[in-house]
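The structures come next, written out as structure tokens.
Both of the next two complexes hold chain A, though its partner changes from chain B to chain C.
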Partner chain A sequence: MAEIIENDQLSRAQAARQTETASQLRTRRTVLAALRYLAILIVVFILVFPFAWMLLSSFKNQIDITTNRNLLQFTPTLQNYHNVFQQQNYLQYLFNSFLVALASTVLSLVLGLPAAYGIARFHANWLGVVLLTARIIPGITFLVPWYIIFGRLGLLGSYWALILSHMLVGLPFIAWVMIPFFESLPHELEESARIDGATHFGAFFRIALPLAVPGIITASIMAFIFSWNNFMFSLVLAGDDTRTLPIAIFNFLSYSSVDWGGLMAAAVVITLPVLVMTLFVQRYIVAGLTAGATKG
Partner chain B sequence: MPAVIFVLLMIIFPVAYTLYLSLHEWSGSAIRPPQWVGLDNYVELLTRDQRFWDSVVRTFQFTIAAVAIELVLGLGVALLINGRFLGQGIVRTLILLPMVATPVAIAMAWLLMFEPTVGLFNGILRSLNLPPQLWLGSKDQALPSLILVDVWQWMPMMALILLAGLSTLPEEPYEAARVDGANGWQRFIYLTLPLLVPTMVTAVLLRSIDALKTFDIIYTMTRGGPGFATETINIYAYVESFEYFRLGSASSLLVVFFAIVLGISLIFVQIRRRWGIH
Partner chain C sequence: MRRTLIFILVLALVTTLGGALVQAQDDNALVAGVSDEFAGTELRLIFANHPWNNAIQQLLPQFEAASGITLRVESYFEDQLSQRLQIGLTSGTTQADAFMFRPLQEGKLFASNGWVEDLSEYVTRDAEWNWEDFQTATRSTVTFDDFLYGIPIVTEREMLYYRADIFEENGLEPPATLEELEAIAAQLNNPDEEFYGVVIRGRRSPAVTQFSSFLYSFGGDWIVDGQSGLDSPEALEAYTYYGNLLRNYGPPGTVNMSWPEALAIFQQGKAAMWIDADVFYANVIDSTQSVVADSVGFAPFPEGPAGANQYNVTSWALGMNAGSPNKDAAWEFIKWATSAPVVLELQQRGTPGARQSVWDSPEGLSGFPADYAEVVQLQSARGVGYDRPTVIRVGEARDIVGAPIVTAIEGGDVEAAVREAHEAFNAFLETDG
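The block that comes next holds the complex of A and B.
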């Protein structure tokens, strides 16, 4: 009898210990999960903060920025945006940026897609090597010759100079994304199309291209963003009327280094389209940014 | 194919022309054509140009520091956001922002935060009763400040690539390790890290090539200054070409720069081969 009671007590004690460790484990897990969320929050805060700072400052007048006392207490003003668009001709620069980014992306696709297809299918390897090396060569290497060539052709400061130079980034990138994509498409589809009487071009347009749409979207978005963000090429090749937004902002800085509110408003104007785009096409941008990296 | 024409005109010809110019002396003048000087530009650059060598050292300091910090932090962030959690979609979108945002705009925001009198950083220092700093205005702090911006901008890229690498890791070794009683730290040291090495090599290669060529944030934030304190090879090449118009010596500088970038890429490719990755 005593034994049984003892046993019973023992197992109860065991059970108690077990539930204790189980609940301890649960608290430990909860704490860990909470810490993880805290860490994630801190990371996100640090990454987003400069944008928030930019946006806040763009609504502050010069006094609120320079007194620097309150981060959030200020009377919001749209004056900075008014200045940027009314006095600084930013609508023109905005238009220039869109035009150049759009044209260089479209032209890069028109040239790049058949090239990538050709490289993938017919092993035009030298072209592939050149295009991939172009990604490694420092962009400034091209600038001196272009500057001279465009100067000779009277194209310096024209949209064409900007579009062609931005294609140097867009075209190799499109090839970089699309060559593996076309290589991964099964040969048989195009072969059966060829047997049915399609030309190489027909097989490309009707079979390969439609199947490659996800890759094309990724490549176009990235090419557009690269052009939109491009600074160095435009700095040298743009003229007064063809100036893109990054150059306009840079000049803004050199002329009036004191007008922080205006500068931040200009920075918001150029950043906003890319950020909004990112929110909608996040998946494709991840694919674009990691293209080539994950395949090893 | 039109792509071939583009490649010939916009890529191959300019590279050939740069090689040609690097053997000449020319200020871009139409009246006075390029003068043949043989290898003089290279000799001058490599043996007598202290400013060039300083810029090489700075470029490597910038690249190594930035990429190393990005690798460590990026790995941490990748592990942190690997696996499911509430709000995962929005977090993975937000970490993209520093990479896709226009560098010039980012530079402006950081410029305001670094600003010694009205900037945020000195505001924080003052409220903590610490002495304010010059940041970009100081010869010693300018390069580290730029490295900070680069880390902020590109750490997410590391995290993104490593995250993709993490998701391809096989499950079996982890199950075996768990059966053997390995704890989380041991699994990280003996499994995750070694398995992730190929991805890390690739990520470091991609980041290094871009970091060596960093132009936008440096030129817009410091223009290579104060003095030459943040003048990297790329900035020096730009100044030689488009501020001094010494096109011959600038071209030789560009050829050397390209050789450096290419050399580093090839070293990484060799490392990848050694590790048996293709």
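The block that comes next holds the complex of A and C.
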């Protein structure tokens, strides 16, 4: 009897201990989860704060921007956006940026995709390295020769000068993202296409390209953003009516005054299209970025 | 009744026509001396984002009509302008025939590389245009070893902005000497209320230009006989004074301030005095930017032991590309843009020019607030023609001579910092040019 009671007590104690550890575990998990969310919040705050500040400031006048009162205490104004689109010719600059980014990305794809495929399939690694040197050499090195060449060709200030120069960034990038992508595609698919009578090009166009779409989208988005944000090449090679947004934003700075509100509104205008675009194709970017990594 | 009506109508018609005629004559006066011998030429101009640019853009059609020259203008922010010009001029392509540039920042570099045309012969061509009319200090800014590398278009001087309301409340007059400046700054400084005696730039490189007037007024100079002048007792005194003034009576964080920060503090009503270039007056009296717009006073730079030696410089000049195929047409444009009627017109629109005759005429001052005009007129007739060391690699030099400013504001060992800067500056001068 006594034994039974003892056993009973023992098991009860055990059970109690078990529930205790279980609840301990639960609290620990809750604490960990809370910490995790806290960490996420901190990171998000740090990342988002400048954007929030930019957005808020774009609706403020100069006095409210430079004051050290409460960040949220101001009378909103649309004057800055009015300046961006009416006083400054931002629609033109938006168009320029779109045109140059789109054209340089498309041309980079046209040249870069076959190149990447060729390098991947025929193991022409040295060619890949040659492409990479274009990225390793600092961009500014190219500027003076380009300036002279484009000047002689009469292309200075034209869209072509911008598109071609932006391809220097886009083309190697696209090729380098796509090389591992093509390498990871199974050989057999193209081989069977070849057996069925397709040429090398046919196999590339009909089999490899469709399979590589996620990678292509990632690479294109990145190339587009590089071009969209490019400052140095556009500064030197653009003309007055072909200048792109990152150059045009400096119109709000002048010798003895800085129009902070206009600057912020212009920054919003520059950021928004890319932000929206990136949100839409985000899942491709993630898929594309990891695709090369998992090849075995 | 009817007759009166007709009479009034006719009168109105005549006055309108007459007015238009007078207007037309006025407009013609702006382009009176312009020749049309270069009709059909296209000139490419690169300008900075600057009030001068905004103002002259409105006059360009008149020049184009009178001369038959087509103008193509591009505008950039000053740093971009500098980069673009340097790449364009290095590569020898003729992207621009004439351009705006900062003589004190880029002039010597452009001149020593042969990028800009020597204009000393051009200015003698037309006596009526009158080169002698340009103020001496501003002419000295654009000349170096008899090489004239630009025609002054915008001038600036260091001045004192102060809160007239607060000065009046305390029964104070704006400081006439640097001693008084320090005393008033001490009296009005109230850090507990976030109100400071004085704000001036304190960041290493940007502070150099505003410190220069202090240096000259204590009797020092950057370069003496080709050697660094920083080891003089006067220079040490100036650095020490500047540092003490800002450390004791300036806002916190002064060593991170260039003009946008200092300006914002004054505009927000957080400082009793601000010392900087006189070009900023429009920003402080604009009520959309400044909460103290209605209570700003202007005063000359205070006198130091060696006198009132504020800088008085050509901040912007028009230069001509030495490789331009259209030099004579470019000169026709530069000559017009710097002619007395145009300078007067631009000055009336708020851009201080370099012509003495314009400063001497009442019309020349009409574009400015009266008290401001008085100070600028006084200061434009005197002063030193450079606000930074006149060397080729200006950026590097500014970093060297600016270092003791930071040390002084932070309360460090000024003497050691100045000695170090002196040696570094001497080494720099040996390799510069």
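Rule of thumb we're sticking to: the second predicted complex is superposed on the first by the 243 of 296 C-alpha atoms of A that agree within 3 Å, B and C clash if a C-alpha of one lies under 4 Å from a C-alpha of the other, contacts with A are read in each partner's own complex, and residues count from 1 in each chain.
In this text, a residue touches a chain if its C-beta (ideal position, glycine included) is under 8 Å from a C-beta of that chain, and two chains touch if they have at least 3 such contacts.
This structure is a prediction, so every number in the text was calculated from the model and none was measured.
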Considering only the touch criterion stated at the top, classify A:T141 as touching first (chain B), second (chain C), both, or neither.
-> first
Between chain B (first) and chain C (second), which does A:N61 come into contact with in this model arrangement: first, second, both, or neither?
-> second
Partner chain in contact with A:F205 - chain B first, chain C second, else both or neither = neither
Partner chain(s) touched by A:F74 [first = chain B, second = chain C, both, neither] | neither
Which partner does A:V236 contact after superposing on A: first (chain B), second (chain C), both, neither?
-> both
Determine, under the contact definition given at the top, whether A:F250 touches first (chain B), second (chain C), both, or neither.
-> both
Please determine whether it is chain B or chain C that touches the greater number of chain A residues.
-> B
Examine A:L275 and indicate which partner it touches, taking first as chain B and second as chain C; both and neither are also allowed.
-> first
Of the two partner chains, chain B (first) and chain C (second), which one does A:W160 touch, if any: first, second, both, or neither?
-> neither
Intersection of chain A interface sets (partners chain B, chain C) | 66, 68, 143-144, 147-148, 236, 250, 253
Inside the complex, what are the residues of chain A that reach chain C?
-> 61-63, 66-68, 143-144, 147-148, 151, 156, 235-236, 239-240, 247, 250-251, 253-258
How about chain A: which of its residues touch chain B in the complex?
-> 36-37, 39-40, 43-44, 46-48, 50-51, 53-54, 57, 65-66, 68, 110-112, 114-115, 118, 127, 130-131, 134, 136-149, 164-165, 167-168, 171, 225, 228-229, 231-232, 236, 245-246, 249-250, 253, 260, 263-264, 266-268, 270-271, 274-275, 277-279, 282, 285-286, 289-290, 292-294, 296
Residues of chain C that touch chain A when the two form their complex = 48-51, 72-78, 80, 83-84, 87-88, 90-93, 95, 259-260, 264, 267-268, 277, 279-280, 282-283, 288-291, 315-316
Would you mind writing out the residues of chain B in touch with chain A in their complex?
-> 1-4, 6-7, 10-15, 17-18, 21, 28, 77, 80-81, 85, 89, 91-106, 108-113, 115, 117-120, 123, 152, 156-157, 160-161, 164-165, 168, 198-199, 202-203, 206, 209, 212-213, 215-216, 219-220, 234, 237-238, 241-242, 247, 250-251, 254-255, 257-258, 261-262, 265, 272, 277-278
